[in-house]
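Letters A, B, C and D mark the chains as written, and numbering starts fresh at 1 in each.
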Amino acid sequence: MLIKYIFIPAAAAFAAYVLNKKNKKAGATITALVSAYLLVSLSLLYGSWELSQSFSLSLMGYQLEFLMALTPLSWLFAVLTAAISLLIAIFSIESQADFKFSSVFNLNFLLVIASIMGVFFARDFLTLFIFWELMTWTSFYLISSGKKKMAAKAAYRYLILSTAAAYSFLMAVIFIFQQTGSFAFEPAAQFLLNNSAPQSILLLSAISLPFLVKAGIFPLHVWVKDAHGNAPKEFSPFLSGMLLKVGIYGLIVVFHQLSFFKIIENTISYRGLPLLSYLFALLGAVTIITGTILAIRQEDMKKLIAYSSISQMGYIIIGIAIATPLGFTGSMLHLMNHLIFKSTIFLALAAVIYRTGTTKMYEMGGLIFRMPLTFAAYLTAIIALAGIPPTNGFISKWVIYQALIEKGYLFLALAAFFGSIASFMYVFKPLSTVFLGQLKPQHQEIKEVPLMMKIPMLILIGVIVFFGVFPGIQMNIITQISGYLGIESVNYSLYSIQGAFSAWNSLYIFNIFTAGFVIALLVFGFAKKSKLVGLLDTYSSGEYITDAESYHYAYQYYRPFDRLFDNLAAKSLTGFYETLTANLLKSGESLRRIFAGGRVQNYALYSVLLFVILAAVGWII
Amino acid sequence: MNNNFVKGSWQEILDWAQNKSINMLHYCTGCGAIELPPTMTSRYDMSRFGIGPAATPRQADMLLVTGYLSTKTLRRLIYTYEQMQAPKFVVGFGSCTINGGMYWDSYNTIKQLDKYLPVEIYIAGCMPRPEAILDGLLKLKKMINNGEADGYKRYEENLEFYHQNQEAVLGEVQRTQ
Amino acid sequence: MRNEKELLELINVHLDPPAAEIKRKQNVSVSIKQENLIQALSFLKSHSYQHLSTISCVDWLDEGEFELVYHLFSYDDYINISLKTRIKREPGVFQTAKEIWPVAEFYERDIHEFFGVEFKGNDNLEEMILENWQHLPPMRKDFDTRKFVNDNYEWRDYNGQKHTD
Amino acid sequence: MIDIIYRIGHFILITLFTTALGLLFMGIARKIVARIQKRYGPPFYQPYLDVLKLFGKDAITHGFIFDFGAVMALGGVIATLFFIPLGSWQLYSMEGTVLLIIYFLAVASLGMAMGTVGSGNPQASVGISRALTQMLGYELPYLVILFSLIYRYQTSSVWGLMQAQSGSFLNWNLFAYPLMALVAFVVLIGMMGKKPFDAMIAPAEIGSGPVVESGGKYLGMLLLQKSITIIIELALYVNLFLGGADNIFSFSFKMLIVWILATMFGSLFPRFRIEDGVKFFWKWPLGIAILQALYIII
């Protein structure tokens, strides 16, 4: 009975749309209820991996079969989706009170959830494609309903990349269908294994293109920044936390279930890793470095965190590509942890945006004295993101490092180190400029967000620390997944994970951490009490400060560092795509004049013609 | 052993530490600043007495006013002094801080520093030589050790007197203390 | 590239100054009527005297006049010109030169602060160096510094002997 | 129960000893710098007096984040301390992998950064921005060195790396991989913020950067934090390159020698601009470290 997980959110979507017209809070409440139901009911399914479902349909002489099944991998992703959408929905009950498009938002949000569930349960290409497209389109509408003008343009960039990738996917799938007569995964994997290796690799590359776009891997990362930066503030956590990971899910399917790794197993290799895998991991490394450098330059906090998402995806890609037990474990851990702490960051920022109405970092400052809980959420999340113990982010990064050092992949490790150390820089920027520093006069009256928005942040803070101490809980499901995919599993206990060279005990770490703090607190407490003074009473070379605004260091925070990369950033990839798009539009415009002349019927005719040609090409191949 | 005795001897220990470790904020508006480099560097080396420079008033124990003070700089000096943390000591340096020195009839330099801030010790001279500076600082150290350098307490007690004098020459003064 | 004599010639022909002389090498002093001054400044600026070094002021108390001196310099000729003009001490109002040199705004502010000269057209004449100054501008000749100091500051008492005695 | 008391006693003993040792090292460094500049210099026990004085002074705070930052800075380094083998003292050093220590040190830096920026002083922010940029400069070569050491000896615990060098002193990494030791030494100077890598504190320019608003006990705590940090960094260097030691005295002696050398080098150079410092680190130390790592993995 897997279809209900798709059907219920989809049905609820329309209910939410209708009811939300009456009451602004109804839509988000319904979303929360549906996600809660999904979460509970999916959690109860843990372990029943034989669950599957199929429908068949006869169309134009073809017997089409829609297959769905519950695997450990899809269970994990589905549960994560349900959990994160539950938190977001709770958060958005209050925060959407002033949002103009909240009905459409909830409609689309529930549809995205439904389609993502479909993607995860799909066991054949056709189901996968249908739900994938549904997901792309609904999330496109969600992104474009952001408040800013740029949102539409950003959404178009996202859409164009996704559509182009989807076509390549479709071509490859139709080709495989021609050969095997089935859309299901298993026959396709068999066929690809027995086929000539270059052709299989080409087909699989075409199939994985949409996943690469979705995951924001290096040359295709251009949509991520604008889409994240401009999406509605409540959707950004989902976009960064979950939608990017759907791409990773697809890649895991391609690599392991469509036997990409088996095909390239015996090709030329570097340090025991097939060269293609290594190149793919290098792509991940480049993604880390580009994302990091661009994140440091940003002045808009949502875009900054969006770039940070790009760079964190690089870690996951590296781990999956090297495909050692440790690497796979590390990247699955990082996937979960990134979901957790990145949603926390985006929720905290959403809370800030909810109160201040801006995303520019230099327009804020000193919010810690007004929104302490939001600050605490952000702080915990960035500690995790920077990989500092005792949080979950440290554990996953540590495992990935172990995997890289074990095999001696120097350059991948170098990129990983770079991304990790530089992440201090970019996560500290919003901390320093938004939460610390001088409080702006126009923000004097700001209050902490309402209770319904605090709850998700509090839960996420707890989860970050909890998984930082008990990584074994996450390891249970990861072991099941690696068993299912045929990867060796890693030794672990509730508190520790056995790395390549050594293990460590997170309970010890937590205790020692506490001990250190207690000693420091004692030193602090026994010393003289200090006097509280205002923020404006600071050292200013004897000059009186009256204007908090000009005494806040926020704009171009890392200028010396940025200067190092000014040349590189000038030749940005976005510029390249922009020129390409402009040229394409120009030629498209002239073509339109010649053929269509602006009449709708002509467009219809051409699309039919295109379809016929595509079908013919498919037939001939 | 009663409580006062413990408190008293603890204060003595602190005074002793304070006299051995003085961080100096040199407020170099006047020409006296030029005598400080030789005092600090290899010829005279004040650091052997535990006296060193501080970067900001928050870290400083001693405010060294090197030379004349116009009314405009006096305002900044008061602000700086109020930003310092007790125990804190003011040292007037050069004749200008004592009686105006060669600017005795200038319309905008103050004549007596101790009317505006509690001065522990003056170092006379125009300019005082490094030997004189060191001598003055050693006297200050002795005063601190004996618990006699209590300018910051006097400032607290006679706050009204100092504020009146300051406002007489400056008009309104923004305050943190 | 002109020398001093050629410059003097140029000035005599075009500006009609009451007095002009070569003070020494690379230094020319020109007196000019106050109504011609702005025009003279823009004339000289267009003839390579592009640098306004400063504006100074002299208080001629007995004659009841302020003398404003505009110090110009040319990077082509390497000559300083001191362009002098006299204005009445009362009411002490003159034209601003900030349309020609924006930096003049700053010098005029300084002169206003210390001599009390008003510059029409310059709306940024607030205090720069002094703070809360309520008295006569301190650089004027009729400002009695000694009296001001006696009134406003207290002398240190050396056993009954005042410092000033 | 006895075990827990023993543990806590050990915690406190190690903390006290390290703090005292770190302050002593700071005093010795001041003396050395003075002698290089032909001065007499303050007595070697000057830092103790400074700390005592600072804890006796009044202090101001700019709100709870200022307090929390100071506690986090000190607590972070104290916690890191327990993971490092100090001669024969091995509290949790079996658990501590090198990477863990590096990241633990970041807790302290984060705490200090947060607290001082929380004071609302832009000079603190400038200092922190510089410090973080510079950290990116020196951590990269350091992590590459750790990469090659871990790969070479197939263990990532400091204890294991130390044991791998036991036997003759020719087994020390200082002699086995002299280039690597040199790079680590340069990195050490950068880590400790000595010249030429001290643009983040620049007293005359940005009022000592991060500590601009810290007075009284806050400065005292940061001084303690600094002293412990020095010991941690030196201990890491001694353990990784000088073969560690089997008792605390010879261990301290080795640390002292490294510290004196670092101080001497540090007092010779003028200051790098931030981006030049980063460029330097990425050019020479990182280049040499990568070459060395390639030599080891191939």
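Assume a residue touches a chain if its C-beta (ideal position, glycine included) is under 8 Å from a C-beta of that chain, and two chains touch if they have at least 3 such contacts.
Since the model is a prediction, treat every value here as computed from it, not as a measurement.
J.: Give me the set of chains touching subunit B intersected with the set touching subunit C.
T.: Chains in contact with subunit B as well as subunit C: not a single one.
J.: In the touch network of chains, how many steps separate subunit A from subunit C on the shortest route?
T.: Steps on the shortest route: 2.
J.: Compare the CA centroid of subunit C with every other chain's and tell me the farthest one.
T.: Greatest centre separation from subunit C goes to chain A.
J.: Per the definition of touch at the top, where is the C-beta contact count highest among chain pairs?
T.: After counting contacts between each pair of chains, the winner is A-D.
J.: Express in whole angstrom the distance between the two chain centres, defined as the mean CA positions of subunit B and subunit D.
T.: Those two chain centres are 35 Å apart.
J.: So what's the Cα centroid distance for subunit C and subunit D, whole Å?
T.: Measuring from centre to centre gives 60 Å for this pair.
J.: Find every residue in subunit C that makes contact with two or more other chains and list them.
T.: Within subunit C, no residue touches at least two other chains.
J.: Could you say which residues in subunit D touch two or more other chains, in rising order?
T.: 56-60, 207, 212-213, 216
J.: On subunit A, where are the residues touching two or more other chains?
T.: Within subunit A, the residues that touch at least two other chains are 533, 537, 539.
J.: Which pairs of chains touch each other?
T.: The set of touching chain pairs is A-B, A-D, B-C, B-D.
J.: Which of the residues in subunit D come into contact with subunit A in the complex?
T.: Touching subunit A from subunit D are residues 8, 11-12, 15, 55-63, 65, 67, 70-83, 92, 95-97, 99-100, 103-104, 106-107, 109-110, 113-114, 117-123, 125-126, 128-130, 132-133, 135-136, 139-140, 143-144, 147, 150-151, 154-157, 160, 207, 212-213, 216-218, 220-221, 224, 273-275, 278-279, 290, 293-294, 297.
J.: Which bits of subunit C are touching subunit B when the two form their complex?
T.: Against subunit B, subunit C makes touches at 129-132, 138, 143, 145-146, 148-149, 152-156, 163-164.
J.: Provide the residue numbers of subunit B that touch subunit C in the complex, in ascending order.
T.: Listed in rising order, the residues of subunit B that touch subunit C are 71-72, 75, 98-100, 104-108, 110-112, 115, 168-172.
J.: Residues of subunit B touching subunit A in their complex?
T.: These residues of subunit B touch subunit A: 56-58, 76-77, 79-80, 83, 174, 176.
J.: For the complex, give me every residue of subunit D touching subunit B.
T.: On the subunit D side, the touching residues are 30, 34, 37-43, 46, 49-50, 52-53, 56-60, 203-204, 207-208, 211-216, 219.
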